[in-house]
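Each of the two complexes below includes subunit A, the first together with subunit B, the second together with subunit C.
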Partner chain A sequence: MMSLAAWLVLLTSPVALAMETIYQQPLEFLKENLSGCQQQVLWLKKDIKSQIERLVDHPFPGVRVRYCEKDGKTAWVLDEIGKTEPITSGIIVNQGRVEQVRVLIFRESRGSEVHRGAFTRQYQDAVLESDHSLDRYIDGITGATMSVSALNRQVKLALLLDKVTREKTNDH
Partner chain B sequence: MTIDKAKRRKAVARWHRRFAIFISIWLILLAVTGLLINHAHDWKLDSESLAKPLQRWVYGIDSNEPDLCEPLTREGIACDQLFARLQLPVGVLLLGVRDLFLLDDSGQLVEKLSVSQFGLASLQAALGEGSDIYLRGSNKTVLTTPDLMGGRTLDSEAATALNGRQWQVAGIIPDTITWERFLLDLHAARFLGPVAKVFNDLMAAFVLILAISGLWLFRVKRNAASRDN
Partner chain C sequence: MRTFFMIALLTISTAGFAADKQMEEMQSVIQAQQQQIDFLLQQLDSTREVVLALKEQVDANAQAATEANEKAEILADNMESQPELTEADRQFASSSRFGGYGELHANMLENQVTGEDSNVLDLHRFVLYFGHDFNDRLRFMSELEIEHALAGDGKPGEVELEQAYIEYDWAANQSLRAGVFLIPVGILNETHEPPTFYGVERNPVEKNIIPTTWWEGGLAFNGAFADGWRYDAAVHSGLYTGSDDNYAIRAGRQKVAKAKFDSQAVTGRVRWLGVPGLELSASVQYQDDITQETDPTAGSAWLFTGHVSWRHKAFGLRALYANWNLDGAGPEEIGADRQNGWYIEPSWRFNEKWGVFARYNRWDNLAGNNADSEYSQWDLGINYWLHPNVVFKLDYQDQDAPDGMKELDGWNLGVGYQF
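Showing the complex of A and B:
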């Protein structure tokens, strides 16, 4: 009886009714773009964490990030708040260059246009400069400014994390 | 103005003042709580738990549960979707509807992980048995390890076999009261119990009396002033 009540509460909870568009499940994204990749974790030292926090301009939770790696390519599934809700994106990086960006789950009420291929294609081959900016200008979308900023941060973060993993591999 | 009229005006003015003083306390409380409720999400009052002594004093809830939010608020993370914790062989796993939070033995946040990484749209229940962690979404159950590396989707038969176990289910909120809940109760005077309804009706009537008597006094005063001129 208790568990039935619990399931009923769950089904009617606001969380269950929250607006959420799943364009692609993260696991499917990895399967499609980096099939057979090895899941790894990257432990973040204090200096890396502070670099990340400077880049994303907010505290970064935890001391490790997971990613998937295959043939020198890394895949990152990252969350970043657009306005109030996290946007989940999948980013494939090949030797410091963005190969693929896809918005996987969009939870905001506005700005979902960032999932369109015409927008995400702008990131193709993007590189992170030494000042942690992208090597190119990304055209914004009217009415989706915060989502565009969130995506920019995610791409920069993926590039930075990829750089850290490559530096670690080279050290070994 | 006749003496009768002047006496009546004075009496109304006196009662108007008394009502105003009495009502002003309630109005200030209403305005302050209303303002805070209006910005509850922006100011994280909807996720911040009420201080334990206040919770005990006001609601009589004496929760022995460890504070789930504490390790997250330390990291500046809102924990509004947190519903339970699982003790792991090493560390603790905090369960949120959308995210999982892996803590080490010292309570330090090791990793925040979206449940979508396990192919779940949202986490509806979780079960920890030894070194097996089961995460259940709306349409599948995933088996993972305490370090949350990788996950295997269980077939429906294996998932059904786990139904009778002690799942931690989302939607059953732990015994914590948020500041927003407290403010809402204060705003609606729910602390007065069944009397709250009558109290609110009475206050509404007082506001009406105040408005009407104020208008009446204003009109009488204006008429007297125009007559004097």
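Showing the complex of A and C:
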């Protein structure tokens, strides 16, 4: 049985008990899923930023988004706040269709169940509808509602950004 | 003659020699000119390439200039849209949170026993959350509620502090709470914002048996312990009920208001969330004296609850069972030694806006004897989500009550929100 002193030491220890769980480093995710991809930057014009903010339902910081591109596929590493902390996810999109979703870094104190493959596999082949909804229902996780919402927003955002990059390429 | 011939021959020879020399000179000139033409053609090709390269450069510069202008505009727009905040504002905004929920109900019911109407419009709940993060691992959370709009002596409502705790993440996915918190039992006790459930009123089983909303003061650990598994373990203040209230559980909530603390309680819960959309949960609670040592004929109390909450695509299902066992001759004498109930609630979500449900509830706070003391109730209704966080609700309830008790049937209409 752990003594009271040991508990106190544990609870007050300044030692960094990392609250974030790193499931995979972003660079490893890119290497594993889109090896050799070219880093690109998408500058966010006012109309695109408006679309993004309507989609994620909050102000979107920054004026550009970095992504990686290869053979028509785009890879996005995006942050979205669940309840109070950002969740970092990697999303691969192939011509407007989700190919892969993985939670890379989770920082919330609860709701980490969203990283499980049983949950993220629901997004495979998902497409963004014209009203910015997904073309399918995503079964949630009790007690992780806000983390699930954050993942939904990330996937929809990746699909929207992929669409913008393809439209930009076609314009040129 | 001979001389003439010689002169003529000499003249012809000289002319021929001169013509040959002229030809050579002309050829030389032509060759030089050809070389010049070749050189000029090369120069022309080079010049053309230079011109083309310059044109490409000019085009690229123009494109770059256009893009640079666009980026400058974006940056300018972005900078212009930044609110002017002080450092203190930024720090506060980034570490403090504010939220809430509320619900307005219209109950149009008729007592089937007396025929009396009971038509009521009630701002049932108005709740404000306030939280603050001291750092990444330490935070404060509170929930302040006004029930029934008007509180005070002789007024129908109450001002209640339902949550006020410090939470510390002592390891990844492991937290400790200290303060006033919601007891981890049932479906609605911890998650009861109106857009998250069907029906205008909270279901009567969780209200009368669990009893929702139920909060206590103490210490609570919670976290994940395996893939898809979560636990809660809490030591906290207990209920205080007695014979005057027929040992009814709901009457025993002290709400951490100068609460009697002679008998504490412990609560544990295990949940499995291994499949998206599915939650399986079981809770148990023990208190060594539910009357806070005021009734020698009563004693300890055990609560067991279990529930399933499942949603797959449009289909939803909630089902819950809860049972209290109270020791002692006092509760046993009136049948309050067993208090239990269950409900099952299938639902169908047509789309993001509309959903319908049916619910069958049975509960009995005097289940330990053979007297007719059991209630049952059907609820049928519809939810309309104007926004994911704003809902309008309509349902019909059909109640079956024990003899001599109110039996309320009728319509309920409500609007609720969370933010």
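To be clear about the criterion, the second predicted complex is superposed on the first by the 154 of 172 C-alpha atoms of A that agree within 3 Å, B and C clash if a C-alpha of one lies under 4 Å from a C-alpha of the other, contacts with A are read in each partner's own complex, and residues count from 1 in each chain.
Keep this in mind: a contact is a pair of C-beta atoms (placed from the backbone, for glycine too) under 8 Å apart; a residue touches a chain by one contact, two chains touch by 3 or more.
Just so it is clear, the model here is predicted, and its values are computed rather than measured.
S.K.: Pick one for A:63: touches subunit B only (first), subunit C only (second), both, or neither.
M.R.: Touch partners of A:63: subunit B and subunit C.
S.K.: Just checking: does A:41 make contact with subunit B only, subunit C only, both, or neither of them? Give me first, second, both or neither.
M.R.: first
S.K.: Of the partners subunit B and subunit C, which touch A:137 in the superposed model: first, second, both, neither?
M.R.: Touch partner of A:137: subunit C, not subunit B.
S.K.: In the overlaid three-chain picture, which partner chain does A:104 touch, first (subunit B) or second (subunit C), both, or neither?
M.R.: The first partner, subunit B, only.
S.K.: Contacts for A:116 in the overlay, against subunit B (first) and subunit C (second): which applies, first, second, both or neither?
M.R.: The answer is second: A:116 touches subunit C but not subunit B.
S.K.: In the overlaid three-chain picture, which partner chain does A:25 touch, first (subunit B) or second (subunit C), both, or neither?
M.R.: first
S.K.: Both subunit B and subunit C touch subunit A; at which residues?
M.R.: Dual-contact residues (subunit A): 10, 20, 63, 84.
S.K.: Once bound in the complex, which stretches of subunit C touch subunit A?
M.R.: It comes out as residues 67, 70-71, 73-75, 77-78, 97, 133, 136-137, 139, 167-173, 175-176, 191, 196, 222-224, 227-228, 230, 271, 273-279, 309, 311-314, 352.
S.K.: Residues of subunit A touching subunit C in their complex?
M.R.: Its residues touching subunit C are 10-11, 17-21, 43-46, 49, 63, 84-85, 107, 109-110, 112-113, 116, 118-119, 122, 133, 137-145.
S.K.: Enumerate the contact residues on subunit A facing subunit B in the complex.
M.R.: 3, 6-7, 9-10, 13, 15-16, 20, 22, 25-28, 39, 41, 58-59, 61-66, 77, 79, 84, 86, 88, 104-105
S.K.: Write out the stretch or stretches of subunit B touching subunit A in their complex.
M.R.: 41, 75-77, 81, 97-99, 101-102, 108-114, 116-119, 121-122, 124, 149-150, 167, 169-172
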